[in-house]
Each structure stands twice: as C-alpha cells, then as structure tokens.
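Next, two complexes with chain A in common: one pairs it with chain B, the other with chain C.
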Partner chain A sequence: MNAITKDRSDTLAPFGTRLDGVTDPVRKAAIGALHRSGLPDRRVEEWRYTSLRFLSETPLAAPAEVYDAGQIQAQLENLGLSTGPLADLPRLVFVNGRYAEPFSVLPAEVKVSFFAKTQTFGSLSAPDRDPLTALNAALASDGAQLHVPAGKNGGDVLLVSLGQTDTPVSFHPRHSVTLDEGAQLTLISIQAGQGRYLHNPVLEISVAAEANLKHVTLQTEGQDAACLATTYAQVAERGTYDSFVLGLGAALSRQEIHARLAAPFATVHVNGAQMLGGKQIGDVTSVITHAAPDCISRQTVRNVLDGHARGVFQGKVFVDRVAQKTDGYQMNQALLLSENAEIDAKPELEIYADDVKCSHGATVGALDDDQLFYLRSRGVPDAEARQILIHAFMDEALGLIEDETARALCTQMLARSFPVAGESA
Partner chain B sequence: MPAVTETREAVEKLGQSSYKWGFETDIDMDVAPKGLNEDTIRLISARKEEPEWLLEWRLAAYRAWLKTTEPEWAKVSYPPIDYQDLHYYAAPKKKPGPKSLEEVDPELLRTYEKLGIPLHEQAMLAGVELPEGETARPPVAVDAVFDSVSVVTTFRKTLEEAGVIFCPISEAVRDYPDLVRKYLGSVVPAGDNFYAALNSAVFTDGSFVFVPKGVRCPMELSTYFRINAKNTGQFERTLIVVEDGASVSYLEGCTAPMRDENQLHAAVVELVAMEDASIKYSTVQNWYPGDENGRGGIYNFVTKRGACRGARSKISWTQVETGSAITWKYPSCILQGEGSVGEFYSVAVTNNHQQADTGTKMIHIGRNTRSTIIAKTISAGHSDSTYRGLVRVLPKASGARNFTQCDSLLIGDQCGAHTVPYIENRNMGARIEHEATTSKISEDQLFYCRQRGLSEEDAVGLIVNGFCRDVLKELPMEFAVEAQKLLQISLEGSVG
Partner chain C sequence: MTQFLDISGLCARIDADGQEKEILKGVDLSIPPGEVHAIMGPNGSGKSTLSYVLAGREDYEVTAGTVNFQGKDLLEMEPEERAAAGLFLAFQSPIELPGVNNANFLRTAVNAVRRARGKDELDAVTFLKTARAAAKELSMAPDMLKRNVNVGFSGGEKKRNEVLQMTLLEPSFAILDETDSGLDVDALRIVAEGVNRLRSPSFSALVITHHQRLLDYLVPDRIHVMAKGRIIHSGGPELAQQIDREGYTRFLAEAEAA
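And then the complex of A and B:
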C-alpha cells in the first residue's frame, strides 16, 4: 500500500536535526521506528479521528534551559497550588520537561529519582507500535521516577508539568511510577502551560500485587499547545489502577492509556471527562488488555462539546484467550451544545475468551428537552437550566474520582472552563 | 461431564457431511480462459451482446480497479488471491435461450430441486411438495443464477401484469437500457472499492427489479445463486429500483459445492428507493464454509448499498450469514430523503475456521432520518466474528435518530467475537444510542432447559434461536424457517 511504501520521514521535519547523531541503542531503535512510520496521519486506523497536521506547521525546537521564575510562580498560583489544601502536598514540578527544583517538595514515603540522571527506559511501552512513544524515547531528557516500597502509603503526590515559552518548542518527559507489593499512592498529574508547545510525555506505571494506585490527570494546557500523552500501566494480582483524566485545555490533546491486567483479580478503572469549546480537539484513547482471568475493568468517559470542538473517544477492550471470567464495562457519552460540535466514538470489544461478561454503550445527543422543560416549568431561566443540566452531566463523571483533594481540584478547574451561559441556546 | 462426551461424538459424526448442499452438478459449460485483462472484459461483454456504453463502463471500472488496493482493515486473514488464476465467465452451454421452464437443462432443474428452490410455479401454486409442518405459502417469483448467468426467472407474466419488471440484469440491459443506464452504478460507483470495481468490470449476471409508481409488488421476489464450476469467481450484480409509493420484498439465497480450493464471490447490490417507497432485502447466505480444518470455502466479498433518495422512503436489510469461509460485507443505507428509514438486522454465525467481518453503515444526510441496527453474532469452534458498523450523522441531519444493539455469543474458548462500532456525529440535534454485550450462553438458561429434559445440543439450539429472535422475526416466513434450521446445522457439534 502507498501509505507503507512511501518514506514517511518528511513528517518529522518539525524536529529538524534533533533526531540526528544519537548513539544510545534504545533511542536509535526508536528513531529507526519513527523514520519507518513517520508521525501517523488519518489513514492509520488508531489515528483516523485525530490529525497531527497541527504539528507539521511549525518547527519545534528544544526548549531553553532557563525560564522565567515569576511566570512559573504565577502559573502555580493560577492552578491553586500556592494556597489552600493543595499547597501543602509534596510536588514534583517540571518546566518545559525539566525538573524545577526550586518549586518542588519531595514526598517522604516515596523514593524519587530522575530520568536525567539514571536514564532508564522501562519495558512496558511499545515504541515500535506507537509513534508518539518512539518520539518520546528519541527526545526524552528528564522525568520523574517514583517508587513506593512494599507496604508503604505514599500519600498524595503532585506531578506538575508546565510549559512556558515564547517560541514553539517541544518537550518529551519520561516518567515512571512503581508500586511494590501492597503499596499505595495517589498521583495527581497536572498538565498546564503558556505559549505554543508540544507536551509529549510517556508514563510507565507498574502496580505490584495488592498495591493500589489512584491517578488523576488534569489537562489544562495552554490554548495554543498540543498535549499528546501516553500512559502504560501494568497491574499485578489483586492490584488496582484507578485512573481519571479530565481534559479541558490545549488546541489538540490526546490522552492515550494502555492498561494491562497481567494477573488474576486485578482491577483497572480508565475513566475520564472532557469539556471542550472553540476549535479544540480532544481525544481519549484507551486499550485495556485482559491478559489474566478474573479481572475487572471499568470505563466511563463523558464529553461536553461546544463551539467547533471535536471530541474523540476510542476505547478498546481486549480479552485474551486465557482471561476467563473477565468483567468489562465501558460507557461513552457525549453532549453536544453547538451545531458545529462533533463527536467521533469508537468503542471496541475484541474478545477471545468465552466465559466473560463484557458490554459497552455509547450515547450521543443534545440536552434532554424533557429535563429542560422540567426546570423551566419550575421557574428556572433557560440559560441557568442548561448550566444545571451540564453540571449534572459532568458531576456524574467527576464523582468517579475517589480522592477528595483531586476531585475538588477537578471540580474547580471544570467550573472555570464552563461555556458562557445561554450562548448556545 | 457427559454432555462434553456427547458433543465430541456429535462432532466426530458430523465431519464434512454437515454441508448438505455440497454436491456438484455435471453440466456442459462455456468457460472463458483464466485471467483478467481488457480482452476478458471484451469477451464477457461480447458474449452477453452488450451495448457499447456498458463495455466502456466496464473498462473504466477495470482501469479504476487496477489503481485500487485490496482493503486490509477488516479482521480477516487469508492468503493473497491470484486474480489472474480465475475464470471470469462460466455459463451453462446455450441451447438457444430457455424461453420456458421446459427448455431448461433438466440437470440444472434437478440442482435447484435439490436446493429446495420452488422453480415450478405450477407445483407451488397447487400447494404440493410442501415440507412437513408448513402451511401453503404465497407464491414467490424466482430468478435462478447458475455460475455466471441467470437460467430461469419464474412468474414473469404475473409480474408484468402488475407493471413490475423482474428479469436477469443482462436482459434488462437489452430490453430496458435507459433504466439500467440511469441507475447502474448510481449507488455503488464503479470505482467505489476494490471488490466493487472488480465486480463492475466483470459482472456477468444478477437480477434487475423495477417497481413503478404506486405499485405494491404482488409477490415476494427471490434470487438463488449457485456457484458450480471449478476455479470460477461469481460476480453478480443486483439492481433494484422502487419508484414513489411502491414497495417490494426481495429474498436472496446462495449455495456452492464443497471444494478444497477457495472460490471468490464478489457481488454488488444497489437499491434505490424514491419517495414513500420501501424495499425489504433479505439474505440467507449459505455459501460453502470450508471443512472443519478450514480448507476450501467461499470468499464472500460483497458490496451492498441502498439509497433512500425520497422522503419517507425505507430500506430494510435482513441477513442471516451462516456460510462462507470469509465474509466481508456491510449492507448500508444512505438516508438522503427527509424522514427516511434504514434498518439492518443481522445474524452472523461462524464455526470451525470461518471468519466474518460484517456490519452496516448508516449515513444520515436528511432531516429526521432514522436507523436501527440489530446485530447478533455467534462464534463457535476456531472462528472469528466481527461486527463493524458505522453511524454517521452529517450537519444537516437534524432530528436524526439511531439505535444500535450488538450482541455476541461465544460458544467454546477457541473462538473470538469482536465489536467495532464507529459513531460520528456532527449534528447536535441527533440522538445516537449504541449498546453491545458479549457473553457465553447463560448457565442458568442452559440448566433450565437441561432440567426439563432437553439434550445440551437442543438446549443450545433453543437458546440461540431465542438470542436471534429479534432478527429472525424480520424475515419473510419461509426464509425464517430455513434460517432457523440453518442456525442449528451451522452450530451442530460446537457445544462443549
């Protein structure tokens, strides 16, 4: 086929010479894969709804090492991280993909090291298959490596990534989180920034037996930014990985999560919500692999789309032949507030075991007329009634966040990006 | 568990003999040399005494085909097909054109008799030869297609009196060239996809139906396709045009002999429904599925599409897919007319090494268009079955409504069942609902049936029939009976 035989290296032009002269074998292999695949276009099935043309328009340089501390401080304040309940939490702050020590507070029960020092690529990611992971492997320069020893509770930890640039740049942090047997951690990832940049993080997560990781990602990147994040999680026997992604920012975003239930009685939750307007494109893609029997997966993703925004949901549940007694559930719902908004959804079940209980559902529609009428007949003005219904729709999704601190943060940030009342009436 | 032993025995007993349509008919054939090039197309066109425009249309399609590539996105795998190693034309030798049933080669008629196809109008009307347990059926007009050509079409006189044209498409090209020229390729363009382009280049026969304004077709129309000759591909083309306020119900059935080799079947079906028109298209697809080791069987790569052009028009696809080694088929509806309705009811059963990737596309273009998709998938043995469906709502389709339900049943732990819906909505006033489940046969249901003395096989048959009921009830009566039997036969020996 044309798409395969054609040399796709030209799609890498925005990165210029940054991909040349690499000697590290892992990076070299990744660059090789990248040259073969190029950046994906919409002919690639996994990318049929999300175009990366946004990236090809401008050269993306490596970010400068210096940054404006005042602006970073202002960003942290804007995110509510300087005062209030979040101010006291341990935090690892990255600016343009590099660890920023002055703004960070190391956690007590969690061992922390950095990719810049140890440079270890984990074994969970698939740079051969996922071009954006290959791009990360090729260009990663720093990242947090968190390790919670057996039986310890790491508490709440913030992982904050801030972009701050005047010229177009890209940064590719490489994070990892390892929970030993019976360990616990609540990780709150915050992705934010100012300027035109590509944030392309890869996060590898390993949850050992009986361990429990709660992971909430708040994506509120700058309006000119692209955030293409990939997470790989592996969960061992009776372990739990509970993930929630809230997408609010960025011109183009994709949160891609690969979760693998590797041993019996493991559980994953891959929940999320997006609220988009303007010309935003937000993509939530997940692949949940049941590789062992008796595992549970749950997924609920809700989209609210206004303006010319486009929401994408691709959710695949793969059940291996050995994964008998799998219990999988997936729900995707979208609310369209404007005539120009669009939702593309592709919930997918690929099942090779017979004794399973898997289902998925998807609904798309506008606000319910009956519900609106109910509120209006009780004297609630139209605009307010709409707000109430949208709030209710999103609240149900946010209710899936177990950690209260994280939920409060998400609720607060969501309220800020609410569409202007009555605009779409 | 004794049931397992029972099943094993049943499986061993079955073997190849389970495909009872696997006989071959020995008939004098007129076969084109192997290979595909412009000369082959000219030969087909000449044999069929076609007008110049059709030859040109075929050649254009062939040139388009050369530029397209075989689709690879479906979840099926098979060794590459050598398109030059096929005969593109095979016809029973002509003893100057059969005018009536009496002139048709008796060997052929015996074949259709074995298939249980009611060609003999007289016998049917008299109500004789009814299988046990059935009451008298309304007459059905049949067009029987043997390899590349249509051998006989029944009830034509009755239909003509009503104004309905029902004939082989090759005859339609001769007798109604304007109609054919106007609609052929208007729903599935010649270069639409790889297989459609191939079909457009080399199609040999198929049925043509035209129901004029306000006419309700007085009887069910039916086509039976049979691939018989070795090394041939069958490329039939069906075109159904229903004018304002008219309606028709059309049935399609197909079988092929058992062979070790794979045979290609690449059909195109085009439906056109004008204002207030309705078309019901039912298929029972029972091509030879290959043996229990996955040897042989038909590759069924079919493009079926209907256009609801007029307001309030309706197209309903019902399919029961039990045969073929590989099925690649997505009967679709383009809902242009305001308030038009598309329906897709499907049962797909795969056993042994069969692979099926089938589903539908509902394209909502007009306002207040509605579509319903009910897909039931049953996988057994080592087979793989995929539902792949698209619901697309375009910006002007305010008030569009779609409901989709896909249920998969897995029988045995060596098979796979997959669901891949695509939902694309660009209109805030549209409502789309999709739900899908995958499970095995409920232990409770099985226990309940076993407790009441049913054997495991019978219990599974009963449960599967219940599982498919929503679809089977959409079939015309005589087809529903056949389909139920087929389901049972297809799944025999798969329980355990």
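And then the complex of A and C:
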C-alpha cells in the first residue's frame, strides 16, 4: 500500500519550481497526479524495461524563447526540408516546443490553431494514468491543433519539432489532429534537434467515420536528447488510422501509442522500425483497444540493434467483450548486430470476446550466416553484404508506409544513419 | 601440378553438435585450364564439403593440405576474394534473400567483382541490358530479375538463377554442386548449354553430380570418383556410363584393397 501513500515528488527535482504556482484546473490536477506517482521507475510495470534515470541527472529548465535562426535553417536543410519534394509541403515548425512562424507554411485545406492561444487540452489523454502525459499537461506551452473539415483532403502536412539548446531544457508540446467525417490527411511528424533536452509531446488524434489519417513519424532527435512521446488516437466507424514510427535518434526514446477502435469496421496500423547503436535505448509501447466489433489492427515493428543499444517492445492488444470478429495481428522482430545489443519484447493479448482472429509473435536473431556467405561468395565484401541484409530487413518494414513522400524521407534518413558498425561493434 | 587448380592432401572437418567430424581425408585433385571435370560418388562422400571449402565457407576447418589457385594460396583468401579471383560456386540449395531485389543483387555482385578485378563498374542501364540478355538465353521469365533473390522461385528457377549469376560474374573456375538435381530434362539441357557457352581455354569447371544424365549434355574431360573423403578413382568421360551400370561398389572395393 505504501506505493499509494508515498509522495514521490523527489523524482520531479529536475523540473525545479516549474511545477509550482499553477492555477489552471487541468494543470493542477495533472501536477497533483504527478506528485503522487512521481516519474516512473523500473518498478512500475509499464516502465520495467526503460529507465528514466537519464532525466534525473540534470536540471531541465524551460527553454529560452529566442533561438538561433541560422541554426534552425541549417537543421531544416539537413533534414532535406529546404529542397526536393519536401520543400513545397506545408509545414508547422516548432522550436523548443514553440511555434516558429518564420519557418512555417500553413496548409490550405486544414484549419490550424495553436495551444498557446486556445489552452484546450482535449479529452483523450489520461494524465492520471500516465505520468509522462501528466508532465506534458503540467508544462505544455504550445502545440499545433489541426482540423480537417468533413470530406476535405488535407494533403501532406509536415509537423516538425526541433530542439536547439546549449543548456539542458525540456519542452512539452501539446498537439491534436481532428478529422471530421470522410476527411483525409497525411501527417509527417519529424522530431529532431541539437543539444541536451527532453522532448515530451502529447498528440491527440480523433478520426471520425470514414475518415483516413496516415501518420508517419521520423524520430531523429539529437544524440544527447530524450524523446518521450505519447499519442492517443480514437477511430470511429470505418475510419482508418495508419501510423508508422521510424526511430533513429535520441539517447533515450519512447514512442507510446494508445489507439482505440471505437466503432465497427475501424482500422488501425501501428507499425514501426528502429535502428539504434551505441548506448541508445528505444522503446515502442502500444495499447490497441478493440472496443467495437469488426475492427482490424495491424502492428509490425522491426528493430536493428548494434553496439550496446537496447530496444524495447511492449505491445498490448485488448479486445473488449463486445468486439466480436476482431482481426488483430502483431509482430515484433529484432536483428541483433552485436553481442551487447538487447531487445526486450513483451507482447500481450487480452481477449474477452470469443469470436476473434488475433495472432502475435516475436523473433530475434543475428544476421543469417548462410545469407552472408551467399553474398560473399558472389564477391560482395563482408561489410557491404551485412549492409545489404540489414537494409533488406528494414526495407520490408518501410514498405508498410503507404505515402510515397514519407517513405522516401524515411528511406533516405535510414540510409544516412548507416553504417552501423556490424561485427566491429 | 597444373598451375591452375591444384588440391593436395586436403583434410577438413566440421563441428557438428560439439562433435568434430572429419569429412575430407586427403583430397588430391588437379584441374588444368580449360577443362571440365566431374566428381561423382555416393552420398556423404564429401563432395559438397569440398565445394564449400573451396568457396571459403567458415563452418569448415581445414586441418591439412593445400589448395593452389592460379598461383595463389586459395585457403588464405576470404570468400569475396575468391570470387574476385575467378572462383564461382553454384549452390546445391541456393539461398533466399527476402527484401533483396534480384537485379540489384546481381549488379552489386558484378560490380564488386569488377572493382576487385580493376575494371570499371557497369551503370544500371548497361547492366540491365546484359542481365536481360543472359536471362533470356537461360529461358528465364523476365520478372525473375524484379523479384527478391530466390524467394518463391521453383527449384528449377533457382538453379537457372545460379547459372545466370555464373554467366554475369565471368568466373575462370566454376563449381557446380548438383546443379542438375531437381531439374527436368528441358531445364537440364538449358542449364548444361549455359555452362557449355562459357567453355573456353580460360574457363574450367568442377561438376558435382549423382547422375550420368547431366554429363551427356556437359561432357567432362575427366571424371573422379569420391568416397569417404578422398578421390578413389579417376578416368575419362566413359566412366560415367560405367558408374551408371555398375554403381560404386567396385571402386569402393578396389580402394579398400589398395
């Protein structure tokens, strides 16, 4: 019982006085929950494999409002957003969690507002259940709120978050995407930056009946950064939420998604891939809730882990008693390139309906010796042969990205984060 | 000594479930330039092991003997160096590479070998033209270049894909490990013709087979009988018919007596 009574405020020390003196009721409630729970440690089941100790080592200040425009421009160029096919896309650029208008281009068919002005929190997230969501509610200062009216096609929109800091900071953007009936949108989220920072976004997604949201997230945060992102998605009748997360950057990252199939014939895809090396930790956590009959969920996550990197996969599929004819598939696959790399996989099925088709699986292995020898016997040098096989493994995952622009971006950024050292690590 | 390929006293073993198993027990074999030799022999005699050891597979430990290939110590070379030096192994069971496009795979291999041989790399257009022409000669369906390497290929398609690779990599010495197994007569003839097209004073081959049938189309200069990890008998192309009629019993008995 002492877990409930114990005040774990000490774990909030990195945020100093930033949590004091708040009057907004939502924020107050979030801070109250946060003081009771503290930041989770590994005794909390949902955080068993991912330690937040990284955060407790440094005070995390609120970021300064000024930034170096030259460096932001350079970051955008480095991401390939200034030239080529991405240059023409509408974009909402956030620097250290605040909207940066000079770098942004508003989309035509999408209504855009900003959390800084509206201060509306949305209703899908649950700060009392998840400390990182509570932390976001407590400290959010801005965020994009996208709204595609019924029947409209919002096209491709970039949502870019850049960190840019010389001293350790944290920022907690609060985004939302709402698609009305029959609306469509392709959202390409890019998370990148330089310096030591915590990026802690919350994204609420609401997909109405017959609407279709494609959402690709490219996480290529700075190597000293932590990215702890939580997405809450709700999909209505015959709606589709098709998501893919590619994780390449950050010292510590967690992409957590809660997707709720709320009405019949809804579809969600919660796919992803990550390629990590060094001492990176990358956590993909998902809870897919089938709350209505005849819904489909698909999840394929592939991990390539080198050096001392650690991948975490926690995937829960919950099928409510009413969710008959559920069709669920979940697969986590890991390729370990070094003896010191590690994957922790925890797939979970919790099924209360009796007429469902749900399968899940996990595989882990090294590069296949037969395949390597085959390539080398054809004259392909060892290092190149390894890269070909790693690419093949990842390409099969990236093939799940339907939007060609997003897929090309991910393919390019993935290729750039090669070479992973392979055997030499 | 032929100065082309000389295998002398070759012994090799494999670690099978913690047990070290001697498979090659002193293989002596020389193949001169421009000749096609065949190896026949009962199952388990070490034929495939010999081909893997020559191609550089790491599971096998060479414990004695030498292999000299065109003046170089073959056993000191990495598999890719052997390929660059002109050695090619057509696998008995070609490996599937999911996610790897066959045309890209072939081009990567061809250009890796060309680089190592000091030649210019082929650009995509030139390569595709060459590959398509070679595939056509082997009666391969055009879409086989677009598919993933050997994934979903029938047994015959896989073997043709091996011969296609051999054609494009321009080896000076090819080992064909039971390339005839699982092929019907038509496919067999196509594959044999593919090898025959490469025959020249600067191309040698070692054909491992169980059946005389392949050797009707691909007539060897010499046939060697392998058993229990050694070459126990060698002869001319007529040996194939004799083995087909009489089996290996006589050669085994003679080797036993010697």
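The rule is short, and it goes like this: the second predicted complex is superposed on the first by the 414 of 425 C-alpha atoms of A that agree within 3 Å, B and C clash if a C-alpha of one lies under 4 Å from a C-alpha of the other, contacts with A are read in each partner's own complex, and residues count from 1 in each chain.
Keep in mind that, in the parts below, contacts are C-beta pairs under 8 Å (C-beta built on N, C-alpha and C of every residue); 3 or more make two chains touch, one makes a residue touch a chain.
Remember, it's a predicted structure, so these values are computed and weren't measured experimentally.
**Q** Could you look at A:V380 and tell me whether it touches chain B, chain C, both or neither (first, second, both, neither)?
**A** second
**Q** With both structures placed on chain A, which of the two partners, chain B or chain C, ends up touching more residues of chain A?
**A** B
**Q** Once the shared chain is lined up, is A:G16 touching chain B (first), chain C (second), both, or neither of them?
**A** neither
**Q** Tell me which partner A:Q371 touches in the superposition: chain B (first), chain C (second), both or neither.
**A** Second partner only, chain C.
**Q** Report for A:L336: first if it touches chain B alone, second if chain C alone, otherwise both or neither.
**A** first
**Q** Who does A:L349 touch here: chain B (first), chain C (second), both, or neither?
**A** Only chain B; A:L349 stays clear of chain C.
**Q** Please work out whether A:G151 is in contact with chain B alone, chain C alone, both, or neither, and reply first, second, both or neither.
**A** Touch partners of A:G151: none, neither chain B nor chain C.
**Q** Of the two partner chains, chain B (first) and chain C (second), which one does A:E45 touch, if any: first, second, both, or neither?
**A** So A:E45 only meets chain B here.
**Q** Which residues of chain A touch chain C in their complex?
**A** Result: residues 369-371, 373-382, 384-385, 388-389, 391-393, 395-396 of chain A touch chain C.
**Q** Per the contact definition, I'd like the list of chain A residues that touch chain B in the complex.
**A** Against chain B, the touching part of chain A is residues 1-2, 45, 321, 324, 334, 336-366.
**Q** For chain C, which residues count as touching chain A in their complex?
**A** 55-59, 78-80, 82-84, 88-89, 91, 94-95, 97-100, 105, 108-109, 112-113, 116, 165, 169
**Q** Would you mind writing out the residues of chain B in touch with chain A in their complex?
**A** Its residues touching chain A are 69, 72-73, 395, 408, 410-440.
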